[in-house]
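The block underneath contains the structure these notes are about, expressed in structure tokens.
The letters A, B and C name the chains in turn, as written, and every chain counts its residues from 1.
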């Protein structure tokens, strides 16, 4: 019996993956454990190893194909085994990532919410009764997902649909991710010169998550200025102590992470997530650190940062960032954060308001530290390095006062960094 | 023609399916001199399935006629007699032997009226003991009602209860056209309440035996009983099945079936005849062609006999036709959206 | 009125009046000219399908029906035009049926092979060989059961005598002693297969013994012979003594149907039989016995010609059935 090579589930909430690259091709020999192909997931590219040794045949999925998890994409035949097509060795419907065929996707999410379009739109199956009910209720069938065999839409599916539509506010329809804004159409009409880039998995995930966040989480923002001088002095002391040891230098960002963690430990009510009918209060501070990567953004998590020393944090951050950039993070490493830190200071940004990473309830946006004149205790101007921070809060979990308390604590820790050393 | 009778006014008595048939024939022989019975061994032997019983003692050999083993000739004699003023009831010993008489049934009985421009009628009744389950094997166990129902000019009925078989046989004797009655052998001993005296049950009208909301099961003959048993089981699983006893195969009652499908949005046909090209195919197509199509929320399912002659071995024999377990499983799958 | 029978006087003369005999001649002419008229219409494309002509068998048909009362019944075969006329049908309505018209005996639904005239006791021609035999027995059963006194004459050909239905029917008719007369018009060929090659007995009437009934073979083209044999059988039936088998030897001039190329018989055989035209023979007989004159005979023929012409005209001008009536009369009451 040939060994089936399936598209494995490598991520939580993953229902399908796109084949990013094949390392082996039809007829090549493969060894168990050898890299066979790469899957592109929400956040990263995952390498899939060969489940067996032999020759690769009936490769049914090609680069760019989106394949449901568990579906076979190839078979490995042992030496001497008769090479016959196993059941299911037909290429799946070559559904490339939907975004690559924008025309096909477009009618599906027209904002006018037309009732039943032409037949089961885009080849979906719909029972006659479902069509009838959809027409009666004014439901767009293309927005309904079918629970029947082969994705068939039944009456029950149509009747369940309005519940989701009810929840979404009218504004939500306009923000519908993936929807055409008409930019290309206008450009074409006006004869503007342009080029297009297909929306890939990561971009699409960013788009949908942040759109969802921005439109469903009640954000409010607290701003503060923080003097960095004391922190920078401590940093210099640390780095000079490390000199000659070959260890990585501590960065300001590392210290800010530590400060965030410590502040969360001191104000635990703010270390929580909204979960519908529950609020999840984390025991530890898991700091998601925004890392800019090619074409996007990833937020690897420093787990339980409040109990880690600064060196550990520093090394971890460096490692996470590097692997994030090369797409080698595992899903566990970018999920399960309780707080986010985003620093655009190195780009010269004075201040900004970040969008919360759901299900976290706060994100601290840090700008560039610049030299400014501030009044001292006597009211005389003194030169200080001032950094503007903005704390975005999810009002469902963090009220104004709570957010303010946390921000005050954070500022205290940064301006009196020795306190960060305490547990 | 007898006046319609309100059965609510009649006393009922419990009797078996075969006793009910005999009762009908007794009433007919006693009230209409044109009625005669013809068949093999229906006289002193009482009929292969003991349906005619002692009728010969009551009415004599000229009214209860034993024929030689001549299905073709005998059926033809019945046709000729019906054509010229008698009301014969011809009993085939097994429905399988209809094959020997197909010429007279299909080319003559069904067509004489039409070929003669409506100048004559052929009011012949033919009775066929049918179906499997007695270990009689391939040539004595068939369900050929679909063959005859395919022929315009014939009427084909499959009563499933003692009440219905008596009433429909009496109705058949009122009918000026050829009526073919398929009686499942395993029903002969089943009992039910039957009104005493004369009454009729309409030909061409189906009956809802059990009301339900999740799925319509259209069944015939013994499959009505299996479907009702299945419906009980299904109810325990929270599935509400409506069971329709089709009763007449030609003409099928479209109104009852379509109204039910519109209500439940799902249809399962259960019949003993071979599934392929059987009556379930006709019912399915009839529904799919009709306005009820727009109310279907699932594919239409047929449960029928398998594509093999009825085997001798009892387990194989049972496996060749739908059984309660199979009906339950298939209907459940359909309602749960697995099909 | 019947004359006193003198020794050796021909049967027909003793049994039938001159008017009856002239009527018999007229019917023979009617059949002959009907067949010829139908044939002509067919070749002109006015008749659909095919036809099985009985030219040459007129005497057998007319002679067999002579002994029957008006309400006695017959069943007929695919070669049944002659029987139909012999039993008293109007040629106009027969032509109309062949032309597929609504005014035909079967309203255009039956055509040649299913021609019937129920009012005159003709229960219908049958497209199935031996299809009408059990039906005839059934009709005889009705007669006995309801005591109507009717006798049923069952026509069939030599080919039918090998069908299972023939054997089953003769057996049952005999067992139940039914008032039916089985008349086998043996014209030597069942379509293309001769009697010698198909039938295990020398004479079809030999089979009667196997069913315990009288059997006789006669020259069907001899009016006296056929009427006498049938008359005996009818009287036997009417007396309640049961069925008989009469084999009527005759010959058809034309092929089995319009598609027949006559490859199975010789031209000599055909012309030999044609030279023994039964109508000529009967005419001579009547003239010889002063039942009518040559002139009268010719007048009858001319009369018949006119009737045929009028019949064809009637058929041509009759209305076609309505397409919307295609399913009418499948059942006696419209299905709800």
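As a working rule, contacts are C-beta pairs under 8 Å (C-beta built on N, C-alpha and C of every residue); 3 or more make two chains touch, one makes a residue touch a chain.
Treat the numbers as computed from the prediction; the structure is a model and nothing was measured.
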item	value
Innermost chain, where centres are averages of C-alpha coordinates	B
Highest C-beta pair count, chain pair	B-C
Chain B-chain C separation of Cα centroids, rounded to whole Å	41
Whole-Å separation of chain centres (CA-atom averages), chain A against chain B	67
Geometric centre distance via CA averages, chain C-chain A, whole Å	97
Complex interface listing, chain A residues touching chain B	127-132, 147-149, 152, 154-156
Touch list for chain B against partner chain C, complex	33-34, 36, 62, 65, 67-68, 70, 72-86, 88, 103-104, 107-108, 112-121, 152-153, 155, 175-177, 204, 251
Residues of chain C defined as touching chain B within the complex	73, 75, 104-110, 114, 116, 118, 123-124, 126-128, 131, 133-143, 145-146, 148, 164-165, 167-169, 171-172, 175-176, 327-333, 335-336
Of chain B, residues touching chain A in the complex	265, 293-298, 337-339
